[in-house]
Amino acid sequence: MTYGSTFAAWRADTPAWPAYTGHAFVRALGDGTLPPAAFLHYLKQDYVFLIHFSRAWALAITKAETVAEMRLAAGTVHGLINEEIALHIKTCAAAGIDEASLFATQERPENLAYTRYVLDAGHSGDLLDLLAALAPCVMGYGEIGRNLAAQKTSDNYDDWISTYASDAYQGLCRDVGALIDAAVARRLGDDPTASPRWPALQARFAMATQLEIGFWAMGLDP
Amino acid sequence: MTYGSTFAAWRADTPAWPAYTGHAFVRALGDGTLPPAAFLHYLKQDYVFLIHFSRAWALAITKAETVAEMRLAAGTVHGLINEEIALHIKTCAAAGIDEASLFATQERPENLAYTRYVLDAGHSGDLLDLLAALAPCVMGYGEIGRNLAAQKTSDNYDDWISTYASDAYQGLCRDVGALIDAAVARRLGDDPTASPRWPALQARFAMATQLEIGFWAMGLDP
Amino acid sequence: MTYGSTFAAWRADTPAWPAYTGHAFVRALGDGTLPPAAFLHYLKQDYVFLIHFSRAWALAITKAETVAEMRLAAGTVHGLINEEIALHIKTCAAAGIDEASLFATQERPENLAYTRYVLDAGHSGDLLDLLAALAPCVMGYGEIGRNLAAQKTSDNYDDWISTYASDAYQGLCRDVGALIDAAVARRLGDDPTASPRWPALQARFAMATQLEIGFWAMGLDP
Amino acid sequence: MTYGSTFAAWRADTPAWPAYTGHAFVRALGDGTLPPAAFLHYLKQDYVFLIHFSRAWALAITKAETVAEMRLAAGTVHGLINEEIALHIKTCAAAGIDEASLFATQERPENLAYTRYVLDAGHSGDLLDLLAALAPCVMGYGEIGRNLAAQKTSDNYDDWISTYASDAYQGLCRDVGALIDAAVARRLGDDPTASPRWPALQARFAMATQLEIGFWAMGLDP
């Protein structure tokens, strides 16, 4: 199972990809050894991340060229703001952290670097530049969720794992993959890897993957 | 009934407001004399308008400072793309125009001027600049819908009128009014008309009102 | 003499191009019959135009991918703000209009439509989308200046004509033409007209040309 | 000597300011103990920084509301691209690094975090949000240059120090300070610290100061 041919190509040419999807933080979610303090710290940073990541998907709406592109981006914004963020709020609430505290979380530089890079990819380029920077988070979490659901040896982080392994989230990944494939075909044609823009898009994807690795490392360092 | 105190203040200081909400096009919707060709021409242009107007509301998400601001802007984008636009598609389909033709409508300069002005208000300023340019369309249609529902002498354009007179649309206007009031209080304080920014915001609202008048005039000129 | 191969291709596929460069306003500059009130009205609107057109060139700096692209865009912004605008200020001052009045000119919808369209081309797309919308003004004025210098039958508007016929302005047109050719080659490769993006870029150029025609028409209608 | 009253207020309320202007990297420039490899590493990263910092100043042009704001921002872009960056190119060239290599420098996350934060401050807010994020770099370097010129105990980094201590750079700091004071007065009035926006602007300045500290730390870690 995969999430479209463009994602598959970007992923295959990103040597750091396994360091992201198989990071120590990820493994510790699967075997249940992640310290609760690290998980809570991660959730708080990820709440702030999702705020700015939603802004980046909203930027995608402003850069869409077709109604189909707009609809999918709008659906993703809606899903992020009203569903994915809601999980963070619920989990944090159970740990005694209300949403106002979440929103007031001091954003760490590793967090800030990532989302502002994605936003700038959108502002400086077109929809493809933005999608290449958005893809590693969306699809990487899909891949991590699917892997952990199959391989986990502990139920400690089951809520988190099943969110990203869920049919709903896997469907989102496939939809985003189809959006990217169509957006690429529309702008680069049938042989996109031959386009002079391909290396720059590949580099966007690789940089966002690198920033994901930095985010996990930050997660382990509350 | 009104849509918040900021809107009320902007509306009161915009001499052209009645020329917008009481335009000949509006009156012809109410008495049923609007030629069907003009209505269809208007709907096609308005479809293109809503595409770009949705982009402007998406821009608002990227410029929000609170989760409440983000949620309401995201809800509005969703409503525009999946509900208000849907009415246009349905009405045009009934007249034999499919969505691909709608999307391919040649955008008239009066249409283009309006939405690009709103988008630039957002890019050049902050959320308030954008909201001041968004307000005349949202609330003006609410007011027009309410007025026509009470005063109409024909049922020819009942679908259109009842869309904007509906509880759902009136509720949206009140929600947007509350969003604007809160966004203004957050940035300009308790006495916003005393802020040095007030005249510029008022001017944004007035310019968007003027562009609405141009849009109705274009509607009468298929 | 021309301004690069991309411009030549866009120009050749824009049927409305002669209606822009040979507009009645242009002919009246050349034979001296343009009423002074129309010229002054045009200059005031063009001052406001240049403010927003400079903003669009500044946006190009933020969307550049190479230092060469940045330098040329920055040089153009500098030239627009400190040279081309200066001519307007000087000419208007001679007619008793100071810069504060110029800046306070009520922007006409035909004017606003044009510059906000260009800015949105940049915000919604990449540097190529922006350059395609910027090109008709820059190069069209170069062509008009050159033509009028050769064909004029009156010296009434000599200052204006010689500004755009000057070596400095013609050099700017060639530099911008070279920038566009390089930016296109960098992003679309050696056969850009075969790119799926070509029709959209061509349409940007055609729309901006149309908006230029609207601007001249506005100029004749003080 | 200072650089305007707004800067003075922001600086006074930023506890981390001395950790930036008196960082170990800065002290090592003054006493000549900075390892040449660290300086060269810093210069390469700073070249990339200045590219994106110029983009942020260009964004300021697009968000200006007065011709005076536009002119000063345009002058700063010109100074950055054609003067400050030129020093880096010259110094690096002397060390055998050509501009193409400079431009190809792999941007470090600490570097990327800073400039993308500044750009996003501009995109998400208005000119004040952007200026508050731009100020720490511009004025901090002015302060550092002035201090080191007075206190240095070595001539090893004299070229660098005299660039920022120069009358030209100090004049730029005063001009930017005056621009900020005028932009604040125009938007927040005569008592800006009483504006509800003041804490958010102060926080922008503080975050950019923090990111400067991260940049120096990166400089010491080639």
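By written order: A, B, C and D. Residues from 1 in each chain.
Keep in mind that, in the parts below, contacts are C-beta pairs under 8 Å (C-beta built on N, C-alpha and C of every residue); 3 or more make two chains touch, one makes a residue touch a chain.
Chain-to-protein mapping (UniProt): A, B, C, D = TenA family protein.
The model shown is predicted, which means the values in this text are computed figures rather than measured ones.
Trainee: According to the touch definition, list the chains common to the neighbour sets of subunit C (TenA family protein) and subunit D (TenA family protein).
Mentor: Chains touching both subunit C (TenA family protein) and subunit D (TenA family protein): A, B.
Trainee: Determine whether subunit B (TenA family protein) and subunit C (TenA family protein), two copies of the same sequence, contact each other through the same residue numbers or different ones, counting it as same when over half of the numbers at the interface appear on both sides.
Mentor: Looking at both copies, the contact residues mostly coincide.
Trainee: Could you grab the centroid distance between subunit B (TenA family protein) and subunit D (TenA family protein)? Build each centroid from C-alpha atoms only and quote it in angstrom.
Mentor: Once rounded, the distance between the two centres reads 42 Å.
Trainee: CA centre of subunit A (TenA family protein) versus CA centre of subunit B (TenA family protein): separation in Å?
Mentor: A distance of 34 Å separates the two centres.
Trainee: Residues of subunit A (TenA family protein) that touch two or more other chains: which are they?
Mentor: 55, 62, 119, 123-124
Trainee: Chain touch graph shape: choose line, ring, star, complete or other and state it.
Mentor: Looks like everything touches everything, fully connected.
Trainee: Over in the complex, which subunit B (TenA family protein) residues touch subunit C (TenA family protein)? Could you list them?
Mentor: Residues 55, 109-110, 112-113, 116-117, 119-120, 123-124, 210-211, 214.
Trainee: Over in the complex, which subunit B (TenA family protein) residues touch subunit D (TenA family protein)? Could you list them?
Mentor: Residue list for subunit B (TenA family protein) touching subunit D (TenA family protein): 62-63, 65, 123-126, 129, 185-189, 195-197, 200.
Trainee: Could you pull out which subunit C (TenA family protein) residues touch subunit D (TenA family protein) in their complex?
Mentor: Touching subunit D (TenA family protein) from subunit C (TenA family protein) are residues 51, 54-56, 58-59, 61-62, 64, 66-67, 70-71, 73-74, 77-78, 81-82, 99, 103, 119.
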